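By written order: A, B, C and D. Residues from 1 in each chain.
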Amino acid sequence: MIRVAVAGAAGRMGEAVVAAVEGADDLRLTGRADPSLGTTLADVLGDADVVVDFTQPDTALENALACVAAGVHVVIGTTGFDVEPLREIGPRPPANVFIAPNFAISAVLMMRFAAEASRHMAKAEIIELHHDRKLDAPSGTAARTAELMQGDVPIHSVRLPGLVAHQEVILGDVGQTLTIRQDSLTRESFMPGVLLAVRRVGELDSSPVIGLEHLLF
Amino acid sequence: MIRVAVAGAAGRMGEAVVAAVEGADDLRLTGRADPSLGTTLADVLGDADVVVDFTQPDTALENALACVAAGVHVVIGTTGFDVEPLREIGPRPPANVFIAPNFAISAVLMMRFAAEASRHMAKAEIIELHHDRKLDAPSGTAARTAELMQGDVPIHSVRLPGLVAHQEVILGDVGQTLTIRQDSLTRESFMPGVLLAVRRVGELDSSPVIGLEHLLF
Amino acid sequence: MIRVAVAGAAGRMGEAVVAAVEGADDLRLTGRADPSLGTTLADVLGDADVVVDFTQPDTALENALACVAAGVHVVIGTTGFDVEPLREIGPRPPANVFIAPNFAISAVLMMRFAAEASRHMAKAEIIELHHDRKLDAPSGTAARTAELMQGDVPIHSVRLPGLVAHQEVILGDVGQTLTIRQDSLTRESFMPGVLLAVRRVGELDSSPVIGLEHLLF
Amino acid sequence: MIRVAVAGAAGRMGEAVVAAVEGADDLRLTGRADPSLGTTLADVLGDADVVVDFTQPDTALENALACVAAGVHVVIGTTGFDVEPLREIGPRPPANVFIAPNFAISAVLMMRFAAEASRHMAKAEIIELHHDRKLDAPSGTAARTAELMQGDVPIHSVRLPGLVAHQEVILGDVGQTLTIRQDSLTRESFMPGVLLAVRRVGELDSSPVIGLEHLLF
């Protein structure tokens, strides 16, 4: 039984993590830290084997350092903070840090397969499709996919009401195409990836590890 | 039994029409006109009820006028010529003229459905995908589809080896999308439309009729 | 300004209708009837031009008759009740009844286009895809689509986690395919159709009218 | 410059190989063996570094043994023969044998990715789509894909005019799906895989090697 506390437990992602941990037979929820609940990380650290952090860029690093110092592993979904200080802890810290910019397993598989296929197919294009309230383009996942692929891969962004979050990588060669499509339809799409990280963060060979792909391949 | 002659019979489209007519139980091939066969339209006109013309822009009009004058209906797949003189023949000519820029029935259905759906869905985008030897963009079908639709519909063009000729119209509204996709995989995709026109050109209420949609709806 | 009351206002669909009416500039929410709110239809009927009913099969008919008797138009999304008594009111009742088994505009368009395309394409198949908690197969929409299409159209049902509600109609003919795909991703997908019915129920030429298609084509 | 002879050079696949070899800068076509051309393997063996065999099940084995005995590598696309005698030549033969049941690189990538994704996603289904002249079902590629995947993966077969050869593997998990689709549109789709094998057969570490995946990963 792995004891799990959630930092940022009252946020949208935090609430989904709380529900997912409560729904897993091999995990036990031992604490919820959130300013709006009147609780701090310090309050929940003592009872946890792993902390899951979905807070803010300016809190995540401090939280991670506190977890490691207390010998508690930490899984971080917060993005946009400087991870350098976490590298400086050294390769054998008292506890491990796992960070992922994207916890959707299917998205990570798509990126990996697109990268691999691009080495064997002549040419490719990425089409990413999102709801029309998403103002930025291209999506981070599309940009990252293109980076991982061989060759110059154009990205086209579609914004329409009714869409959620989708990406299609089309690869072509003589007489054939290969299309890899990923659809994320709900926030819960991140949960299998978060739970995988919670179960595996204690066994990492080094720390920090960045990217869900390191747990999949 | 409808007697059919083909003008431009040695071209790629003409050859496909010859094969399709020969394969149809209710049609009989009575002539093949083509400079490279040493035959002219005049040679084949006498034995035909219908002429199918896949020639050149500068020949098609002259051919059509000769057919009508001889009382032979004509189905024209040649594009890029001025149809105005055909309108001036008057509404009740001795024979009918049918012209279509696109004989792929599925493409014509796609355009019609996209136009209709755009009146009921909030927003749309067209993605057309062709082999990378197609240098122009957007495709004529995509441009025509956008014209027929309501609202401002962006078109994105994908060019990749392995593709043939495909188009996707994605329409979105609250919580839902509707996607209409058309794939043309071989030149034969035009044949059901050509044969439909051959069978119906004799019964048209007016002449010239331009567009396969007039035979479908 | 159309005054709208919702019957079954505390149910999942009722709550979504309440939110959609409140979000529409030309509609005003004047009442919410639901046993769990301690309110009845009689309480809200006086202030409404239109009642939207998402209740239970054994309540919907009674509600509809009460609405019509009070001169209030009614839009019914409840399914599974006998509509015959509504036909017997006569063609010119004091108020109109509109019923739809499916308020997703994109689904209704898909069914219509599939029916029309099946008259021009050689053969077709329907693939409907739903989340794996949906136990019945095929879906009602797929069965209805097949009924409307010409020819014998097989239906295949896919049930997988991560899916919501999707349907693809693939039509094939010589060298070409036409695919019509509909995706419903959230309950809100029904709202544009419900609001369309609310705005149009007062102008119907006859009553009852059954099916959103009568408001679209 | 690799010197290449083709056995079965007058067959449909053989002709495509001849054209592909002639179109490649680093390959030289040195012979075409085919009963209908009045030439035998013995006629072309002397001038070749590699023989490509697209013949018949009862010829392929004999051809392969003759090639190896003559110190000429052989790439075999013929299927349905017993490969056991080729294993008995021993691990260090005078020349190498490479055999592939499927030379479409995109199909091999699809199978590999589907196998890998099935280890990380909850459930999957395969839909394979072929022209309606294909009488058997499921396709060999679909059956092989299912074998390679983890879990019990249902296969559905669609047969429609207008389709060529397509396969979709849909994998689902909480809130997300991953779809891997492969489309083979022309016989030429096999050529990049055949040429890859021609270029690599001389460097194999062991022989025979069966399956294009061994050249890709």
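Everything that follows uses one rule, which is that contacts are C-beta pairs under 8 Å (C-beta built on N, C-alpha and C of every residue); 3 or more make two chains touch, one makes a residue touch a chain.
Owing to the predicted nature of the structure, the values given are computational and were not obtained by experimental measurement.
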{"item": "Interface with more contacting C-beta pairs, comparing A-B to B-C", "value": "B-C"}
{"item": "Far-end chain from subunit C, centres as C-alpha averages", "value": "D"}
{"item": "Distance from the mean Cα position of subunit C to that of subunit B, given in whole angstrom", "value": "38"}
{"item": "Centre-of-Cα separation between subunit B and subunit A, whole angstrom", "value": "51"}
{"item": "Multi-chain contact residues (two or more partners), subunit C", "value": "106, 122, 162, 171, 173-177, 183, 185, 189"}
{"item": "Touching residues (chain side subunit C, partner subunit B) in the complex", "value": "104-107, 109-110, 113, 116-117, 120-122, 171, 173-192, 216-217"}
{"item": "Residues of subunit D that touch subunit B when the two form their complex", "value": "106, 162, 164, 183, 185, 189"}
{"item": "List of subunit A residues in touch with subunit B within their complex", "value": "122-125, 127, 129, 132, 156, 158, 160-163, 170-177"}
